[in-house]
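Got some structures for you, see below.
Two complexes are shown next, each including chain A; its partner changes from chain B in the first to chain C in the second.
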Partner chain A sequence: MSTDAKQALQIANRRRWRRTVVRHSILIGWGLIIMFPIFWMIQTSFKDAHEWVTWPPHWVPQDPTLKNYEQIFTFDVQQSGVAREATEQPFNIWGAVADSLIICTTSALIALFMGAFLAYGISRFNVGGGKFRHSVLIIRMIPPIVIAIPLLMYYAIMVPLASETVLGFRLSLFDTQFGMSLLYITITLPFVIWMMLSFIDEVPYTLEHAARIMGAGRLYTLRRVVLPLVASGMVVTFLFVFILNWAEFLLSLTLTHPDVSTLPVLLNKFQSASEGRLYGPQAAIGTVITIPVVVLGVLIQKHLIKGFSFGTIRK
Partner chain B sequence: MAQIGLKEVVKKFGDFVAVNGVSLDVHDGEFLILVGPSGCGKTTTLNMISGLESPTSGEIIIGNRVVNDIEPGERGLGMVFQDLALFPHMTVFENIAFGLRVKKTLEPDIDRQVRAAAEAMHILPLLGKRPAQCSGGESQRVALARTIVNDPSVFLMDEPLSSLDAKLRVDMRTELKALHERLNATFVYVTHDQAEAMTMADRIVVMNGGLVEQIGGPLDIYDKPASRFVAGFFGTPTMNFLQGEIVAANGALTFQCEHIEHFLAENTPDSLAGKQVILGVRSEHVVVNSGGQQGQVKLIEPLGDVSLVFFESGGQEQLVAKVAPELRFSSGDQLTFGFQAAKCHLFDFDSGTRLN
Partner chain C sequence: MTESTTLAASVHRNGLLSRLSAWFSQERVFRWIPFVMVEGMFILILIIPFALTIYISFLRWRANRPFEQAYLSGLRNYESVIADSGFWDSLGRTFYFAGAAVVFELIIGFFLALMVHQITRGRRFYITILLIPMMVVPVVAGYNFSMIYLDSGPLNQILAPGLNLFDINPRIRWLSNPIAAQWAIILADIWQWTSLTFLIFLSGFSALPPQLINAARVMGASRRQTFFWVELPLLKPAIVIAVVIRSMEALKMFDPVVLLTFGGPGTSTQTVAYYLWEQVWQFNKYSFGAAASIMLLIIFSVLIFFGIYLIGRQGKAIERGEA
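And now, the complex of A and B:
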């Protein structure tokens, strides 16, 4: 090899290496920016009150404590004496964990079930006409705050009144798991339809035709052919909707109190007259409610990759 | 009990007429091939037989009953699709067993029948694999086994070989024909490949633009095409077409165009005199080095057993002749040529229908 060629190769190599370094630096920098709040939340959750707000900041807890976790996990806060004297904070998270789990799981499952069938109808039979699939997401154009107050009217006044007149007893949707689930189903259904449409559209018609000619009915074909092929997509959709509900704050804040409380609303309740926001317990709750999302994500990673890379079905 | 009848069947998609009044009879045990260019309505016709599409008007009869309103699964048909439509999430075994499971066959019977079908198609070792792990030819056999196992009296096939490479496709032709012989079932087969149609069919239905152009045995169609379209569709290289006029002179009819004059066969009807026509003649019926016409060689394609000579007459008419390979030409050579009078086809200039 001539020295010229060698030099050219070296320059090319160096250039490629430099490009790699730049690219990775940018990614790492970006990663740090993204991860920092999570890091801060986690480390705050191990700090006692005097370390929550300090200057200069304590990058790591100087005397780490599990007090925050003890508080949010303790069943009977007052008796076991972990509540801070000054705050008399009476809350633990167990009630909200149950509420959140029940509301988010049932609503995501029901929305997924309904949405999958609706999407099938739209994909295969053009239900609602040709443009319907594009108008499904219109609900996203309405900010939640706009519907929060009207919904409160329905949940707290109209429905109880109507049920009392018609059925003879008061049925209130306000501050109930049922009411919250109903609401979450309604607002996430468009997402489910939209996502499931993209998966079901991927399943070739001829697979269903083949099944039909072999004598299979619609439901049998759906169960044995279509649904198994979009299973990954259903898992992804479920997860997406579950997280959406798991983190929903505004509507839950408006439509519950005092019996039912989802985790984000509960987190917000951790403040006291004397100390203001209780950053420690709030960070602990934040950490705790992030864990199931991460765990779910890891567990279904295989499906996530398959589901998010849409063109999954080999023809 | 497996004859099929189509009576004036029409299929419209909105305003678009995909099938425009097709009538045909498929005899019991016949290998019938629907052939035509892409978009001529073959698949639509097949889908109406299978029940996947319902006709806009007309009747579909299978056996002795009108099946217009009968579900595809109850028509006693098996179908092999163009994209094969194997279920990607099931093993080959489950794919083949699908129809049996629908019919709630007992588990030991399923196992026995699936194995028998797989054995017949030589795919026993594949039973545990997924379709994605099978080669094109193997997938083809799986699709056939999945159909055979349900023991239908009619097999519908929509371009089942189109995804295979050329060599395999030719092999599969022979195999399909053997399969037809063995099963004794009625086959309705769709293809756009005229060679496939010629080699396999008992009878061929040539379609064009939603209409049937001709129905007949392969050689009938080859020797006596009913229209210019059919003549051009069958045979390689494509038939030579010349546009000209029929002239009566001295009691004989001749075909005349600018540079070519050709005496027509004696049995040509006299009534054709003075008509504008298209004369068609296949390359193997063009005789070279005899006859009264002059031409200049443009291109030679030696195929081994024969050679194709592409030549021009009068610097205008493009023609091709199939000649013995011993005849060596090179481009630029002059040659003389003529047509075998009995093998010339005359088509109406406007409608393209056969005249002689």
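And now, the complex of A and C:
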């Protein structure tokens, strides 16, 4: 090799090396920007009341404490020492945790069942016509405030009035776990149908056909042939819908007060009080909300990358 | 085995039940069961409330009076919505927020996806980190940013050395200045949703057919030419989808507004969702809210159909084998 060629190769190598370094440093920089707010929340959750707001702010709690977690997880809210500020009401998050878990889990399960069933019908028999596949997503695009205003009047006024005249007793869906679950099922169904469609479309129909010819019943075929093949897809869909419900804020803010309260609503409750803002417990609640969802999200990440191609991946 | 046969026999003995189950297991009935269930759900929870809302939007009624006393008042509510400058201002503001946020999200997301696509080492690690904001509950993200924008928060601390040079008090109240508050919300949105555009672009990049790019390179196209003339056209569907999905989501913006500013200072950060929420839940203007939400639905449905049309066109182009 001549010296010229060697030199050119060296320059090219150096340039490639420089490019790699630039790329990595930009990615690391953005990663730091991403992690910073989360880091700040987590470290605030370990600060005691006198450290919540200081100038200059402490980047690491100087005397780390678990008091914030103690406060939000305490069972006995009457216990002295739980409320640390004069303006503060003693509270715990168990009610909100239970409401959130019950509402999100049941609605995700029921939506998964109904949606997967319908997705099967659409995929195999073209139920609802060819356009139905895409048009279900329209529901997802309607802004939630437009749904919230009718639903408030429906849940709080119309359903009680109707049930009183028809059934003879007052049935209210407003501020109940049942009402919230119904709503969450409805608004997540488009997503379930759409995600399950992409999983069911991949299962070849010939398999079912073979099973049916060999004498298996329709439900038996569904259970023993189709279900095992789409089970992982169903788990991903369930987790995705669960995350969506878990993060939902506007509808639960408007349709629940004061009996039922999901975790985002509880976190927001302490945001508006201009004097008695509970920075520390809020940070602890935020950490408690965030960690399970981030873990679930990382678990289904691979499938999300596939799912978010929106059919742009060519086969 | 015996148990199931006796069960089957008992079903056969019961005439009505067996006829019913036979009717249900007919092919043409069976395939419509899930459809009827789901459509029933939509009708019960979405269609009926909307019908009621249309009725209420013609009433003259506030929630602090009993519903029975309300009376019809024609199109008065619609007139007052159209004449209401707050509604149109907040609508314009929503488009401004969404536009600014989506442009930044697309640009940053595109370049991040490009970089992750080009590096070889640590790709999984970067993807995991960069996708985290999407998983964070929006309310928590809003709370985090409210901590950062605090007058004694870390943002002011980082800026303090620079501000001290100009003799400015570094403890700036970002959320008390209208323009700073607007950009605080836009920044929070960019922080959270750049990960979604990143994800869409990343799956677009990983779906690029390497044969085409190699062919272009072999035929003598430079790296830049390959990028602009081969890769970018192939990425068009991903770009369209990112634009449509993100704009639709950004126009719903509500959570960061509540968490960061409560629409303030003044009305400078009220999005249309927040404005309607305030009108209905703070001022009990129910029939006004009903009329406004019907109008908003009409405005949005135009956008939604346009967005669906754009996505559908891309889908058809892919099916035809173009890009």
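Following the convention adopted for this analysis, the second predicted complex is superposed on the first by the 269 of 315 C-alpha atoms of A that agree within 3 Å, B and C clash if a C-alpha of one lies under 4 Å from a C-alpha of the other, contacts with A are read in each partner's own complex, and residues count from 1 in each chain.
FYI, contacts are C-beta pairs under 8 Å (C-beta built on N, C-alpha and C of every residue); 3 or more make two chains touch, one makes a residue touch a chain.
Bear in mind that the values here come from a model prediction, so they are computed numbers and not experimental data.
Visitor: Taking chain A as the common reference for superposition, should the pair chain B and chain C be classed as clashing or as fitting?
Guide: fit
Visitor: Report the partner of chain A that touches more of its residues: chain B or chain C.
Guide: After superposition, C is the partner touching more of chain A.
Visitor: Taking the superposition on A as described, I'd like to know which of chain B and chain C A:23 touches: first, second, both or neither.
Guide: second
Visitor: Which partner chains sit in contact with A:34 here, chain B, chain C, both or neither? Use first/second/both/neither.
Guide: Only chain C is touched by A:34; chain B is not.
Visitor: Mind working out whether A:199 is in touch with chain B, chain C, both or neither, as first, second, both or neither?
Guide: In the superposed model, A:199 contacts neither chain B nor chain C.
Visitor: So, does A:134 touch the first partner chain B, the second partner chain C, both, or neither?
Guide: Touch partner of A:134: chain C, not chain B.
Visitor: With the two complexes superposed on chain A, say which partner A:46 touches: chain B (first), chain C (second), both, or neither.
Guide: The answer is neither, since A:46 touches no partner chain.
Visitor: In the overlaid three-chain picture, which partner chain does A:143 touch, first (chain B) or second (chain C), both, or neither?
Guide: A:143 sits against chain C, while chain B stays out of touch.
Visitor: Once both structures are overlaid, what angle do chain B and chain C make about chain A, taking C-alpha centres and a multiple of 10 degrees?
Guide: Between chain B and chain C, as viewed from chain A: 80 degrees.
Visitor: Once you lay one complex on the other using chain A, what is the shortest C-alpha distance from chain B to chain C, in Å?
Guide: 8
Visitor: Can you give me the overlap between the chain B contact set and the chain C contact set on chain A?
Guide: Correct list for chain A: 313-314.
Visitor: Considering only the defined contacts, which chain A positions touch chain C in the complex?
Guide: Chain A residues touching chain C: 20, 23-24, 26-27, 30-31, 33-38, 40-41, 44, 53-57, 59, 114-115, 117-118, 120-121, 124-125, 127-128, 134-135, 137-139, 141-154, 157-158, 161, 182-183, 185-186, 189, 193, 218, 243, 246-247, 249-250, 253-254, 263-264, 267-268, 271-272, 279, 282-283, 286, 289-290, 293-294, 296-298, 301, 304-306, 308-314.
Visitor: For chain A, which residues count as touching chain B in their complex?
Guide: Going through chain A, the ones touching chain B are 204, 206-207, 209-217, 220, 224-225, 228-229, 313-315.
Visitor: Give every residue of chain B touching chain A within the complex, in rising order.
Guide: Contact set of chain B toward chain A: 50-52, 71-74, 77-79, 81-83, 85, 87-89, 98-99, 102-103, 131-132, 146, 150.
Visitor: Can you check the complex and tell me which residues of chain C touch chain A?
Guide: The contact residues of chain C facing chain A are 25, 30-35, 37-38, 41-42, 44-46, 48-50, 52-53, 56, 67, 108, 111-112, 115-116, 118-119, 122, 126-141, 143-148, 150, 152-154, 157, 160, 171, 191, 195-196, 199-200, 202-204, 206-207, 209, 237-238, 241, 245, 248, 251-252, 254-255, 258-259, 262, 272-273, 276-277, 280-281, 286, 289-290, 293, 296-297, 300, 304, 307-308, 311-312, 314-315, 318.
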